[in-house]
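As written, the chain order gives the labels A, B, C, D, E and F, with residue 1 at the start of each chain.
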Amino acid sequence: MSRFAPAALSPLHPETLEQLSRISTPTLTTQLFKLGFRNAFLHGVRPLCPDRRMVGEAVTVRFAPAREDYSSYEVLADPRYPQRHAIEHIEPGQVLVMDCRGVASAANAGDILVSRLHVRGAAGLVLDGGIRDYTSVQAFGFPVYALGPAAPAHVVRHVAVDENVLIGCAEVLIVPGDIMVGDGEGVVCIPRAVADTVAARGVEQEELEAFILEKVRRGAPLPGTYPPGESTLAEFQAWKERQNR
Amino acid sequence: MSRFAPAALSPLHPETLEQLSRISTPTLTTQLFKLGFRNAFLHGVRPLCPDRRMVGEAVTVRFAPAREDYSSYEVLADPRYPQRHAIEHIEPGQVLVMDCRGVASAANAGDILVSRLHVRGAAGLVLDGGIRDYTSVQAFGFPVYALGPAAPAHVVRHVAVDENVLIGCAEVLIVPGDIMVGDGEGVVCIPRAVADTVAARGVEQEELEAFILEKVRRGAPLPGTYPPGESTLAEFQAWKERQNR
Amino acid sequence: MSRFAPAALSPLHPETLEQLSRISTPTLTTQLFKLGFRNAFLHGVRPLCPDRRMVGEAVTVRFAPAREDYSSYEVLADPRYPQRHAIEHIEPGQVLVMDCRGVASAANAGDILVSRLHVRGAAGLVLDGGIRDYTSVQAFGFPVYALGPAAPAHVVRHVAVDENVLIGCAEVLIVPGDIMVGDGEGVVCIPRAVADTVAARGVEQEELEAFILEKVRRGAPLPGTYPPGESTLAEFQAWKERQNR
Amino acid sequence: MSRFAPAALSPLHPETLEQLSRISTPTLTTQLFKLGFRNAFLHGVRPLCPDRRMVGEAVTVRFAPAREDYSSYEVLADPRYPQRHAIEHIEPGQVLVMDCRGVASAANAGDILVSRLHVRGAAGLVLDGGIRDYTSVQAFGFPVYALGPAAPAHVVRHVAVDENVLIGCAEVLIVPGDIMVGDGEGVVCIPRAVADTVAARGVEQEELEAFILEKVRRGAPLPGTYPPGESTLAEFQAWKERQNR
Amino acid sequence: MSRFAPAALSPLHPETLEQLSRISTPTLTTQLFKLGFRNAFLHGVRPLCPDRRMVGEAVTVRFAPAREDYSSYEVLADPRYPQRHAIEHIEPGQVLVMDCRGVASAANAGDILVSRLHVRGAAGLVLDGGIRDYTSVQAFGFPVYALGPAAPAHVVRHVAVDENVLIGCAEVLIVPGDIMVGDGEGVVCIPRAVADTVAARGVEQEELEAFILEKVRRGAPLPGTYPPGESTLAEFQAWKERQNR
Amino acid sequence: MSRFAPAALSPLHPETLEQLSRISTPTLTTQLFKLGFRNAFLHGVRPLCPDRRMVGEAVTVRFAPAREDYSSYEVLADPRYPQRHAIEHIEPGQVLVMDCRGVASAANAGDILVSRLHVRGAAGLVLDGGIRDYTSVQAFGFPVYALGPAAPAHVVRHVAVDENVLIGCAEVLIVPGDIMVGDGEGVVCIPRAVADTVAARGVEQEELEAFILEKVRRGAPLPGTYPPGESTLAEFQAWKERQNR
């Protein structure tokens, strides 16, 4: 455990994960921006299954550059090898996030490892590296977010060196226990301490924006509508009350 | 209006826009090359709807790097904010082109703004930046060309600073009034002064190349056929006359 | 012929090409790694038809940067121009590999040239450059691997200067006569001298990994299974014998 | 004038410019960070004369991508051409900042233009582009900050399109009237509204850090010293009072 | 301590460090290549004092991407903050190596921290990030290797998260206890297990190449001389024996 | 010899080389631009000895990506290896230009090879790769232009595959026999066919610009002076006649 990772995870509101699974990543980044977090979206990390949603707590693996005395197929047989150990011990609902140093030309997982994550009940896999057996992995329907397909195994470029420490993934800090949310757009990392707030406010923003989009499609001008002025907000409240009756 | 933008737009031949909508972007770049324009294709800007065509006159918005005192959600409520003002005042048949400085990791438009463009009758949207609500925007069927999906709003990286000035987009100069043409391959900017010529010659090239492709598929060798020699050109003229009879 | 290209090609085992056409590129990179080849996968070169397989011997074309006195549409009429000459003289089963210097913004082939390759019975086309008439080329079903679509013809950025010499393509050395294999993941270049070995061992690895994947999907833990321990290997042998009975 | 540029410049404290000329750019970025500005340092822009200091108000020029009908040597003879016009009308003490789109391979100024700036009393030149006649310009001793030397004139890659609008330079927003400060490390852009505050606090920080550096060189441990604890701050106050006596 | 870092360091031959301090980094990379290590040179990391040599055992610090709740000036006051803790506890003769993720635009150390390393007797500082107070640090004459000058403090882009774990620095794996050697060309990381061998063979290679260079300067042709044939090697042995007499 | 390289070199005007050695690379790129050549300056290739001039005819070597069966220290002993063969057979006054594929992290020459070029009377060495033994090579005073220092030998990344063919170097086409000119700014490649013209016009431009610079330093305004109007040109002619008297 890295010196600065939290010793124990604070509890989440019981509805938070379910709410987050319904909020789009654009809305999540907006709510995070308003709380002062400007860098939460993992750029370049794309879904293998764009119509699947993903939500879960982060566990992490860290890769460092390969070296001939550290990186080999032999080392993969060691059950303590962080990449294999983390997969073998993941718990249901967790998302495995791997720091692959932004290298798109090597694959840090393929169909066998993803299958193991799937069987163990993981909620997803996120990495700023490549995936091999890409089409086969897509067919699983398990949420995977990566830079793209790549045939060579990770030992060509990397060695796994740590597990469940603070990492960077696609230039975003990931703290074990943070909430990873993915949709067709990509992945957002929500700092655990603000997850409840982001979930509650995000649900509201989604409702409001659905209302605004509908108005705009019917011809409303932008000024006063988006962002909403007082009159639009009043209309929205009235509409919402009618909905909830 | 930037010092060097044209004060009034020269008229186009009445058939030019319709012709351009039938000519592929590869043919357009070839005709432009022959007129001395080597840099007209917006590289990396990809269609959200590859099977839609786009043609229209350019209006422009320019973004500069974000700064904490200039970039915020509050500024978006100002109806003079160039991004919002340009969308709200676009005219039917125009294409909005935004200089997003090639930044793929922030979104310069989403479903609400694209919907407003659509409702106002715009012909398309082109930007060297990201689009949020990507799948939702794709479903509109409105021609949008961008670097790809990105969740964070543009205020994280940009501030809109100007409207209808000369801009660069994807390393191509865009002058307001130029003709933007898009297909499944991407977008070409045609300098207004040569649009009539490019349209007329492009239609011819397309016919000739369809004829050549057919010959090659039936087994003709490249020499004499592509590029066409005298004999192939004569065959083509004869075939064309038969067609037009 | 470049000074260091082989004068004559050594013969391949009669089953090698057929075997390679059934082995995935991840498996091929693993077998090559085990033989000491760490850099065989052409990164960033993607299939236009991801569900087609490709296998064949490499012939090569080399492009250099354009210069106004060397790069023009006129030069394309010269039947000795290396790009055209190589296409016109390709033999059935060969794969044309073009060194396009990693430039994605220009197209080194379009529908007419690809059609000619197709008609002549070539096995595929691989290039670290762009393809124009992208959708049209996709519709042929002919195996093409490229960086993506681009409208401008290659003369904007390149001039073809050599044929059938050693080249780099997507940062991988390609020697004329090497075996190019492509699948939905991308392309691997197999040095001719090891092609028989790679094919034989690759077939075996594919069988073993299919067996392992099946075990993992049924709940087997990673340790002892992947990589396989003695017990898993024994199970595999028994299963294989049952299959072959 | 761009829509969002200030109409009139607010006055500065009479000592601000002189103070800023004594504060290092690291100290300035720290003071700006503490006021909420995280992106003020022009990365990659290096001094031609590392031992000269520069301070002055920004005037700006904007370049867009070259196009054959806009970029030529002929256009340079037009006294309204923004690059030439801005140089010809610069006032004593101003710094010319040019948005060269981060292109290092073309030169946006050379010895003649820099000489004219010098003669007119400008305080410096800053650009995220190249400089030609590099050695000759270095010999002037006039403060110039650029990406490096480049021989080709800017018309190969750019056309100047605007003057004194908001620009980006090396990924930093520059508003006309902002204060540009340069030292051997590079250039910082200080938003005009906070220049007085940054100057006052920067002078204090420099004194404190000189005191801390001296303590560390004499063997003080980091904890309590850097950042300074209460005891170090008290020592500093005492020392400062002794100095001022 | 990272899971895969060695628990205790194996002893070095008593002459190894002194020998390494006399061998150039080109020679060291050649000896490492011959032992199978192809990736030992930290590319892009340049000396602040090109005429100083550096040799010592690596201790490491790891930085991850900044986040608003983790990266601030306040956290620097915590004596456990890895960047500060590692500096405060470095031992004489050690080299501090920092994984700054290749970010050149922020500074991971400045004059005060480098001064503390100097006072504590460290052998050097190596980082794939920026240095602030560049000129001041150069004046110390203490061996520092970095990407270049940068004014902003590291908190703008990074947070220090670990100490003395395996890291990547400039795309090279660094294991605590490895031997870092620097000269005017840059820095090589020598895996501890091969340091004695590399030192012994490197000394020999240097003598041989000095002999070869001398021959070439006097007009010897390359064939037979470089690489040396039997006759050149015999000459060298004879010359060496004369020297040692 | 590559298919498109010239069989025999056309003669140059006897004064051309001497004239070119006095003309700056900015002036040369301007003259080439006026003749239609927009891409002649080798960007990023910097002089090891900025105060030396270089002029001579190009001979070329081409490198391709390394592969374990082609790239080794053993192959260097083969006198036909293109890198060694080209150096061993260079003629007095020629400039060796190497296509190193823009890779800065490996060295394609060091002190021994440069020394051999020097002894053989070569006019210079130009490469878009690294140089090892950098300081030692600088001390020779022999004109070398490269991307920078790098310790690892080229075999880590490259294999030399061809000699005296058309190559790209730093994104510029180099035809054997072209004239390479270098100064403190970098290197320009002048197509042989226009070398006489460029030399003659370049000498004139240099005189005119020296005259203009002098006027500007004495306070002349830009309009009418730079670019020169009729009156300035008349003054220049008069001055020139006085000089020549």
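As a convention for this text, a contact is a pair of C-beta atoms (placed from the backbone, for glycine too) under 8 Å apart; a residue touches a chain by one contact, two chains touch by 3 or more.
Owing to the predicted nature of the structure, the values given are computational and were not obtained by experimental measurement.
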(request) Could you name all chains that are in contact with chain A and with chain F at the same time? (result) C, E
(request) Compare the CA centroid of chain D with every other chain's and tell me the farthest one. (result) C
(message) Can you compute the centre-to-centre distance for chain A and chain D, using the mean CA position of each chain? Integer Å is fine.
(response) 39
(message) Measuring centre to centre with CA averages, how many angstrom lie between chain C and chain F?
(response) 37
(message) Suppose each chain is reduced to the average of its Cα coordinates; what separation in Å results between chain E and chain F?
(response) 33
(message) Where in chain B do residues touch two or more of the other chains?
(response) 38-39
(message) Show me, using the given definition of touch, all chain pairs that touch one another.
(response) A-B, A-C, A-E, B-C, B-D, C-F, D-E, D-F, E-F
(request) Using the touch definition up top, name the residues of chain B that touch chain D in the complex. (result) 2-4, 36-39, 64-70, 80, 82, 101, 159, 161-163, 165-168, 171-173, 175, 191, 193
(request) Give every residue of chain C touching chain A within the complex, in rising order. (result) 24-26, 28-30, 33-34, 38-41, 43-44, 46, 50, 184-186, 188, 209, 212-213, 216-217, 219, 221-223, 226-227, 229
(request) Sort out for me which residues of chain E touch chain D in the complex. (result) 73, 76-77, 79, 84, 87-88, 104-105, 107, 110-113, 115-116, 119, 132-135, 149-153, 155-156
